[in-house]
Amino acid sequence: MDLLVQGIVTGVLIGGLYALMSIGLSLSWGALKIINLAHFSFILLSAYLVYQLAISFSVNPLLLTLVVVPLFFVIGALMQVLIHRAKLDEFKSLIVTFGLFIILQSMIQTIWSADFRRIGSEVNVFEGGSIRLGDITLPYPVLLAFIASVAIAVAMSLVLSRTYFGKAVRAVAQDAEMARAFGIDPNRVAVLLSGVATAISALAGVFIAIGQALWPGLAVSWFGIVFPVVILGGLGNTMGALTAGVMVGVAAGVASVVWGPISAPLVTFVILIAALLFRPHGLITARSVA
Amino acid sequence: MSLLEVTSVTKRFGGIVALDGVDISIEEGEILGLVGPNGSGKSTLINVLSGFYAADGGEVVFDGEDVSEMQAHQLAAVGIARTFQIPRPFDTMTPRENVAVSYMFGHSRHSLVEARLAAQEWLDFTGLARVADVPVSELTLHQLKFLELARALATQPKLLLLDEVLAGLNPSEIDESVEMIRRIHAQGVTILVVEHVIRAVMALSSRLVVLNQGAVISEGDPETVMSDAAVVTAYLGDRGRSA
Amino acid sequence: MKRNRSWRLLAVFSVLALVVAACGDGDEGGDTTAPPGTEATDDTEATDDTEATDDTEAPSEPTGDPIRIGGSLALTGFLSATAVIHEAVGNVFVDRINEQGGLLGRPVEWVLLDDESVPENSAAAYERLITEDEVDLVIGPYGTGNITSAMAVAERYGYVFPHHTASLTYAYNYQCHFSSWSTGLHPNITNPNLVYDAVESSGNTPETIGFVINEFPGTQFIAYGEPGTDEGGAVAQAEERGYEVVLEVDFPTAITDWAPIAESVADADPDFLYIGGLGVNASELINAMNAIDYSPRGMFTQWPAPGPLLQTDGADGIMSVTIFEEHPPFTDDPEAVEVAALINDALADAGVPYTKVETQAAASWTAWEYLQQAAEGAGSLDQQEMCDYLVENGAQTLFHGDIEFYPDEQNYFEDLSKVKQVQDGEWYVVYPEEFAAPDRGVVYPRG
Amino acid sequence: MTSRARVLSGFAVFGLALFFFPAFQEAMELPRFYVIFLLSIFFWIAQASSWNILTGFSGYFSFGQGAWFGIGVYSVAVLAGKHGWPFIAAVPVGGLLALVGGLALGLVVFRLRMLGGEIFALTTLAIAFVLAALARLTSAIDGGTGTFMTGTPIPEFLGEFNTAMYRMTLVVMLLTVLAAYLIYDSRLGWGLFAIRDDEAVAGGLGIPAFRYKMVALGVNAFFAGLMGGVWALQIGFVTVEEVFNIRVPLFVILMSILGGMRHWMGPVVGAIIIFTLSDRLNSAGLTDVNQIIIGSLLVILTLAVKEGIYMRMRDRWLTTLISMVGVMTIMAVFGLTTSLITGFAVAMVVTVTILLVPDRLWDRVRRGSDGGGGPPVEDGAMAEAGR
């Protein structure tokens, strides 16, 4: 029983991390119509940067958020500028960003080798730490990730629904030409949003670096989690991504406790396929920019 | 009996009722004009008749056969073809290939080789022979509308549904098009024209049906129908709104 | 019109190809493929082929055409984390043998290809090396799948095939394959028993044991025995000793979330936790267990990446198997110390975080020694003579000591594994006693 | 002589020439590796061509190639590897099971009309993951232990291992490319092109979209699985990680895009170029660069040559010819390389680089010298279809 409860709790928390990893992709797909596979490499790259800086200057990895988030905002914005030049439809974007993904992956491997890297506990104050609630424990890395992701999800959905920027994004997502007619510059909006999306992925990278050992293969292993979450959540729907992330986290967690870890990916994908077939526009039908 | 028998066809989109129990019959060999203000359900009706939308209720009988449940490609096979208000050519193909493809399938099946030869006929008929082998992106709107016609004709339809072929054309082009439609009709094709350009419809059609808010409000020979009070208010009302 | 154009164009290509083939005859493709050898060694500038051979201090300058030794490694792809070790060690060995007068008086050149961690690429690579580059000798790749594919090729052409780390011993019957991984033919029996003996040598015998096994062929083999046989492995052996198996979990190789496994372990709370893990599996599991404030009384992990484990909190007291560690008695042999130092530098240059010599590096070095001794013993590069020499005389190895190959044991020799344990943040061999580090012994339960 | 007759005779000629290459290789004492090199290319040609039948022709972008390939590999691994079926008998089963899998997927996905192309793409991506998970779970299939194919005998009449692999891959490759051509040059093909351009309109003109998409997906899956089955032997030791990774989908996409997805020859050319390139880069020891180059190619080519290299080759066939012949002769004469493959690779790189020159610029440079820069792609395509 305890086992199951703990399984659900950690499932919820890790679900937060999954959501954080997915929101960036969800935004760029939903609002910019760009299925940006490079997001996976961005997460990983950010994680490696955090690792590198943390061990080189022995600083608290969490502080490095202040470095990587702005950095990747710029990267994301620049990428959008280039992509806009190329005028990509969804498929082309998939292919081009796949190319980017491969390039980034091999760059990462060239720089940090394929060997496993982890921030040693001497720097990583969160490693193995946790909060206890009765006989339930909340591990720091995932707990922090969960909090961050809730904050981001809520903030983003407020921004998208309340602010002028949000309205602009939605307008652009629906019909760029129309938006232009209303005096919105779709390109500026796109560049800004792409920056934000990439920055969020970078944030996810921070928690990855805090939570686990890094190796180039990680990025691919995330495909199996992020895509289900993005689609379940509904394209461009940040709250949806959060809910979906938690769903996947819990489902996989419970499945691995009950039927063993090997069944976890299966469960995730059965959920995904079911979602694709019966709710292609996302299980969570809150307002999304797509 | 008539070629097409539409009985109390209904189509809803969420809450909105686009077609509300429409009854229309089209006689073999006539040109039926279908008019009505924006959002009166004209295009929806065409989409239902050509199988792009499945009707929520009612019955469609074509040539004595119940086609209510048929999908678009099956309707093409029994002999119903349509054009689009905004032309939708296959844009990686030349006009010739566009026509050839629809001849290959359409009403009866033909081989590639036959199709290529046959295509010429429709291209000549619609006067597109000159531009037959240039990318469609280089065609004018007028030419694209004729390509729509050529492609529809290549399926060798019994019934041709024309969705605002004249919209966006200049007066002289309109006259050409009207002439074209007459020639198509002369070949024995039954035609349903949906039009905004009243002048043209009056000139073309032997009979007129007026739709308003998804229902037939008037039907008969053009003059009497256009003088029908309900029709006038519908239009003026429509004008009033849109002005 | 266009059609026949495109066909004409293709036709000419093929004709042309044949013409060039006819005059090109593809013999001694050496010059074209010399780069790979040097390319590969570039990673460790300090010890570049050419410099080494120009090195005047060398006792006797190797002369004549270089002896070209071909091999592929998983320089990229998911195996490359460990393959880099074999690359570095190979470079050290080649440079050293060149400094010491070469092989049979001739300089040695290593033609290294990347198999991208893909087995069929290894097959293609060895076909290339043997038939296009016409190398004189071959050395095995890294990774069970790749070794398997490559061995099939070597067998086809009758090449002596030394290899380092093929875990599925039962699969290899080629009479000229020589494994340098001292697991014996039945690691699924010998390895676990060695570990259990080590544990019991502490005076405390676990009553319950839990197994967490990676769904990777090697780890599955050790844990459950050869598939399709009832031979059994670590689990069966534990049961035979009367340990009660309270947990048996398999996990996918590309696992991302360790919390559920940690929870299952905590729930079962075994006296001893047997982790059939690779790379960082153990580190990740330990972290996940720390996170829920659980710490097993005893732990073993199969093939860990040694570096990350040392940096993992709560890893102290975890056991593993090894061939060699850089402490006495292993370091009593000055040559071992010298070579180890060279390897440490090479690994550091290659950017490998943990540069100490242990299983991987030791196995790698030994494989090269087989090749050298086979050639020198046979006095020629005749594959069959070399093969026979090894089978008859075995090999004198730096890290394994003297080895004898048993043909009726598929050329495997005894399981020479030792048990090592993390103590005070370092790896120490703790069992069998004669190999244990000075005043170190098995600590169980963990302090 | 009709276009089809010409093409089919072309197939016959190349088929025979290639079939006797191993003998030729023996006779000329060429490196045995050339045979392995070719059979690897055959593998990729078949994979890319089969993929293109669905994605290139119908426009439905599939990441599922790995899944169909995997079904083929595992059918043989289980039947021949585990249960001792004769290899030859197991291979077709691989193809058929993949076919069944493909149709099953299509039955579900294509039924749902509102399903967008990108959703289809991701469903196919998911399928591979699911199959991988299933294979891991079921010890009857894999259970994580992997399967050795090294013990599996191949029929005597096929010759020794490499020759046998060469012949089998050659046959499957020829069948696949032939299928691609026959579909391309048929009502089915044109129906698919119409679906690719505007599925709704295609329906309105009488094209049975659902049935055609099913056929395309089925053919794709079948040949992918068939070649997968043959390939199981080449892999030697079959594991889930090895079979169900993104490598196969990645490369078929890359190859088809490079070669051109609108013509049946596109994937063939693409496969030859990419494989040769990465093989030589690798053998030159440029392994890290290898990946980076592949990735950059993907980006550049997607943006630069939308219609694919093959169309450029057709339009500028004389240039292509000259540069290929020229470079290879130069390299042969001046003995720059004794390796035929290296010579070919270099010539290829030079040629492709020349072909990358955009049409507008090209026409200015060319001043109507060779007959190239001819009428647009579609016309050429139809011309074949027509005559």
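Going by the order they are written in, the chains are A, B, C and D; count residues from 1 in each one.
One rule holds in what follows: a residue touches a chain if its C-beta (ideal position, glycine included) is under 8 Å from a C-beta of that chain, and two chains touch if they have at least 3 such contacts.
None of these values were measured; they are calculated from a predicted model.
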item: Labels of chains that are neighbours to subunit C and to subunit D; value: A
item: Shortest chain-hopping distance from subunit A out to subunit D; value: 1
item: Remotest chain, subunit C as reference, centres from CA atoms; value: B
item: Maximum inter-chain contact count - chain pair; value: C-D
item: Whole-Å separation of chain centres (CA-atom averages), subunit A against subunit C; value: 36
item: Separation of subunit B from subunit D, taking each centre as the mean of its C-alpha atoms, in whole Å; value: 43
item: Between subunit B and subunit A, distance of the C-alpha-averaged centres to the nearest whole Å; value: 49
item: Whole-Å gap separating subunit B and subunit C, where each centre is the average of the chain's CA atoms; value: 73
item: Subunit C, residues touching no fewer than two other chains; value: 76, 78, 215, 250, 252, 254
item: Subunit D: positions in contact with at least two other chains; value: 133, 136, 144, 288, 291
item: Junction residues of subunit B, two or more chains touched; value: none
item: Chain-to-chain touches, reported pairwise for every pair that qualifies; value: A-C, A-D, B-D, C-D
item: Subunit C - residues contacting subunit A, complex; value: 76-78, 80-84, 215, 249-252, 254-257, 259-261, 263-264, 267, 279-280, 283-284, 286-288, 290-293, 305, 307-308, 311-314, 350-353
item: Residues of subunit D that touch subunit C when the two form their complex; value: 3, 6-7, 10, 13-14, 17, 24, 28-34, 36-37, 40, 82, 133, 136, 139, 143-146, 148, 150, 160-162, 231, 234-237, 239-242, 247, 265, 279, 282-288, 290-291, 310, 313-314, 317, 320-321, 324-325, 328-329, 332, 337-340, 342-344, 374, 380, 383-384
item: Subunit A-facing residues of subunit D, complex; value: 61, 108-109, 112, 114-119, 121-123, 125-127, 129-130, 132-134, 136-137, 144, 245-246, 250, 253, 257, 288, 291-292, 294-299, 302-303
item: For the subunit D and subunit B complex, residues of the former touching the latter; value: 185-187, 190-191, 193-194, 196-198, 200-209, 262, 375-379, 381-382, 385-387
item: Of all residues in subunit B, those that touch subunit D in their complex; value: 50-52, 71-73, 76-77, 81-82, 84, 88, 90-94, 96-97, 100-102, 104-107, 109-113, 116, 133-135, 151, 155
